[in-house]
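Structure provided below as structure tokens; questions to follow.
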Amino acid sequence: MRAMKFKPRYLLFMLPALGLYVLFFIYPFIQTAISSFTRWNGITAPVFIGVANYTQLFHDSVLMSGIVRILIWAALAVVIKVGLGLVFAAILRNRPWGYKFFTSVFFFPVVVSSSAMSLVFTLAYDNNIGIVNHFLKAVGLGFLQHAWLADPTTAFYAAIAVPIYQDIGFFMVIFLAALQDIPDEYYEAARLDGANPVQIFFRLTVPLSLGSIRVCVVLAVTTAFKTFDYIFLLTAGGPGNATQVPATWMYLETFQSFNYGYGDAIAMLIFVLSSLASGLVLAWGALGGRPSRRGPELPRTATRRVAEAIPEGAIA
Amino acid sequence: MTSGTYAGRRPRAVTRGRRSITITKIRHNPLILVGYLVLIINSAGCLIPILWTLSNSFRSNTQIFSVFSLIPEQFNFGNFESIVDNTNLVQAFFNSLVISLCSLALLLICVLPAAFLFARFTFRFSRVFYGFFLLSIFVPSIVLLQAVYELFANLSLLNVQYSIVLAYTAAQIPFCLFLLTAYMRELPVEVEEAAIIDGASVWNIFRRITVPMTRNGIVVILILSFISIWNDYIYALVFLPEPQRQTLTVALANVKGEYTVSYGLLSAAAIMAIVPVFVFYLFTKNFLMSGMSSGAVKG
Amino acid sequence: MRKRRMAMAAAAALAVIATAAACGASNGSNGSGSVTLTFATNQITSENNGTTPVFKQLISEFEKQNPGVHIQLEEAQSTALQPLIQLAFASRNVPDIFNFWRPQPAFNMNNYIASGELGDLTSLAQTPSVKNEFASSSWATATVNGKVWGLPLTNYSVPLVVNKAVFTEAGLPLPTTWQLLVSDVPKLKAKGFIPWTVSTESTDQSDDRLLDYVLDREIGNQAALNLFEGKGSFTSPQVEKALSGYFSISAGYGPPDAAALDDNAAIAKYYNTGKSAMILTNNVYLTTVSASAAKTSEVIPFPVIPGGAETTPAMEKDLTTLMYASTAALANPTTGPLVKKFLTMATSMQTEQSLADNDVLAAATNVKTDPAKAGQLFTQIQSTTSAEPEDKWLGNARTPSQQQSFYPIMAEQWSGSFSVSSFANQLESMFKQ
């Protein structure tokens, strides 16, 4: 509803945002894009080389493995952050005993800074004194002990475990809000129909919170694509190049190898990948994503009939 | 299907009481125990690493190396004293705080009016402008590091105190604008319409009606932006190399680089970075939770 | 609603105040008539050893002698100075004074010189008091295209440090010959020790030291440099023989978490605790060796390989840190003389001597090492370094881009991921012209 008539002077409302945004975001972005078509060492004049940087992207094996890694990261982020977040929210949905305690504790890691958490986990992953290895030994899984951040096979997963673990609480709180909008009657009706909790989760909770799920998936994916700090602080891309992601590789190419043009091409690639991934998720939403078809069909007609027959608030 | 509008919200008190756990309930549905097990395991996962670090911060290096323990042998503040005396962590903490708060203030000044404009008005090219702001949501800020640094150098901003606030705010604008506009569009317009009939100016409507009603949306974007700015490492590393102007992230990373196997000192440094945030969190978590759970992120 | 409005007003006021303060408090200026010189450095850390106390003393001395002049520090940690200086040159905002590595392409210095922003110090270098302090080889390194770009400050070398106590405990002789080295290393591991205190963290540089020495010994320093310039072949029989020898004492013989530790951490964690036997790294990290470990440590020459090109032990060493200035600062009538003064003070005999007293290899030739002040380990390092002839670091021949690809390969090689031939082929494809 537009109750107010527009007057041109209202454009001033967006002036501060526009000014700041164009100057400190758009202008550097255009610079970066232009520079990606040059060979430049940052000091002497750039040399225009057309799309050579972009073709080199595909011959860069470290970059290609980096892209595979962020895809794995995005997948894990979605499953764990969104999945576990939704599960925890579902468990805490009707505010059982201890609700306040659990939500506070789960959300706390979100506010801890990335460098503090990286420091905590650098210590926790230490192969001699670290709590991770001690815990494994204590529960009898001592053979699983590793030098987590130094072993090429485990370094990447150990590194991304930290930001993923830290963010679960954030998504949980979002879903808690979304789940509040699902009336209790639906759950009562489903229980009356004899659905078990797993069915309720997948056939009722998930479909009715798809809007939030979609936004959270986009958030999780874009975060996975662009996060630089955790990898840089935990492993700096090492051991060898075992944890390089495009963001850290871009940093190294620009600031250690002084291939500015190529670094900018990688930057453009990160941008395109993020936009594509997010665009795909949002398009899936716009086209009406349907709930998954797993498990036995819950007789939805029965549920709906019961739900409609019960006036709001009649079941306490 | 109810959505996030005020009109459709049921009063909470009626159906949302605290449910207590009784033996009969557990017998009815043993999965309650499984649910609690999951919750307890995750709570342990959230708390124990930090508690362990806290414990180590009171111990000496030799103690840490010899025996694993969640409870320190003594409460010796020596590590903390070393950190305060020999590093710039305390100064860095305040730098981070000032920079973050200034960025958030500037962000509100920029984004609130702009969101109001896009939520309440359509005008020629309004969609173009809105899309223009939004197309950069997927640009990770690291992409622009080199170009922004050069821009700052050209504008002679590099030595201006807290100039990095401008870069941080600009990076937060797209997503916050998106969230706030979506939130404002959901707000009921009856109050505003009444004010118009009473002859209020657009600016007054914005200031006295819309902004206060957007309180929860503001909380969400403040939290998201604060976390993003507080955590930033690479911009702070490059723009603020001077020891007295460093932010907490950079200072912590430096401490880690310098004291790599002084585990007691490192633990103390980590705790010093976490405790203030923890205290802040204790006081504001209810406010944060209610703001986030009001449904600003509905999709 | 009231509260929110007040909070927002407060926030707005804060923003206004902050921006006003920002515009006001620029450059750390303290009133009229005062001069600020920016000094970017990695020589000042929060530990109180090595170069840190020397530089802190230097700065306070300088400010005392020149009232009204303030040195504005821009600190970076060790190799983090490189991106800092890089950005500075890229944005034409070079610090007035800074220390850096040698003016070679390996450090992108050729581009900095080409930009014109790097100050020409030739005239300052001709001053007799400055010129006579340093050996002609140091000046040769500091000179590019006939002009002197930096004043020498410190040297570095890569001594072979062994912990005699560990060898005694393992019942093994010290590796004074190549045969002994090749036989000792596997036996050390078999007895539960870690032979090499090496770090393979990608930003660090000790994982190529052993390879450098073996190549130097086997084919000679110049031939090894040619290899990395692409003028030789890694797959030639002689080089492959050197590489097999190298592999037999390296792959798998470092710490298990070598990739997560830098040199200081590796030394503190393994060498100081008596778990590892040898260190082969830049002497600047050897200040981390604890007093008790230093007591049982000894510097021995890296053995000569029988049949190799080098018949007497040579040591990898070079000028490492130089003091530079920006063209702008030198040209400015106010700051120019001050910068020159600071540079002269920083490289004076007095500073060089106090560097040596703090276990740093000073570049000046007539520096006396006082065994009372300098550590016992450092005295050995100093004497071995001056006694042996020089081998240049093989990284001098590598471009920054090649460095970035090379070190991860070294890290993987240390963890045992390669065979000799695949390693040789990788290097061949990377360096061959």
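Order of writing sets the chain letters: A, B and C. Residues in each chain are counted from 1.
Quick note on the criterion: a contact is a pair of C-beta atoms (placed from the backbone, for glycine too) under 8 Å apart; a residue touches a chain by one contact, two chains touch by 3 or more.
Worth saying up front: this structure is predicted, and the values here are computed from it rather than measured.
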item	value
Contact graph of the chains (line, ring, star, complete, other)	complete
Chain whose mean Cα position lies farthest from chain B	C
Inter-centroid spacing, chain B versus chain A (mean Cα positions, whole Å)	15
Centre distance in Å when chain A and chain C are each reduced to the mean of their C-alpha atoms	39
Residues within chain C bordering two or more other chains	83, 87, 90, 261, 269
Contacts with 2+ other chains: residues of chain A	42, 122, 126, 128, 260
Junction residues of chain B, two or more chains touched	106, 109, 146, 150
Partner chain C, residues of chain A touching it in the complex	41-44, 122, 125-128, 147, 149-152, 155, 235-241, 252-253, 255-260
Residues of chain C that touch chain A when the two form their complex	82-83, 86-87, 89-90, 108, 111-112, 114-115, 200-203, 256-261, 269, 400-401, 403-404, 408-409, 411-412, 415, 417
Chain B - residues contacting chain C, complex	86-88, 98, 101-102, 104-106, 108-109, 146, 149-150, 152-154, 158-163, 165, 208, 211-212, 215, 237-238, 241-243, 254-255, 257-258, 260-262
Contact set on chain A toward chain B in their complex	1-4, 6-8, 10-14, 16-18, 20-21, 23-29, 31-32, 35, 42, 84, 87-88, 91-92, 94-99, 101-116, 119-124, 126, 128-129, 131, 134, 165, 168-169, 173-174, 176-178, 180-181, 183-184, 197, 208, 210-216, 222, 225-226, 228-229, 232-233, 247, 250-251, 254, 260, 263-264, 267-268, 270-271, 274-275, 278, 285, 312-313, 316
In the complex, chain B residues that touch chain A	1-4, 10, 14-21, 31-32, 35-36, 38-39, 42-43, 45-50, 52-53, 56, 64-65, 68, 106, 109-111, 113-114, 116-118, 120-123, 129, 133, 136-148, 150-151, 166-167, 169-171, 173-174, 177, 189, 192-193, 196, 202, 205-206, 227, 230-234, 248-250, 252-253, 256, 263, 266-267, 269-270, 273-274, 277-278, 280-281, 285, 288-289, 292-295, 297-299
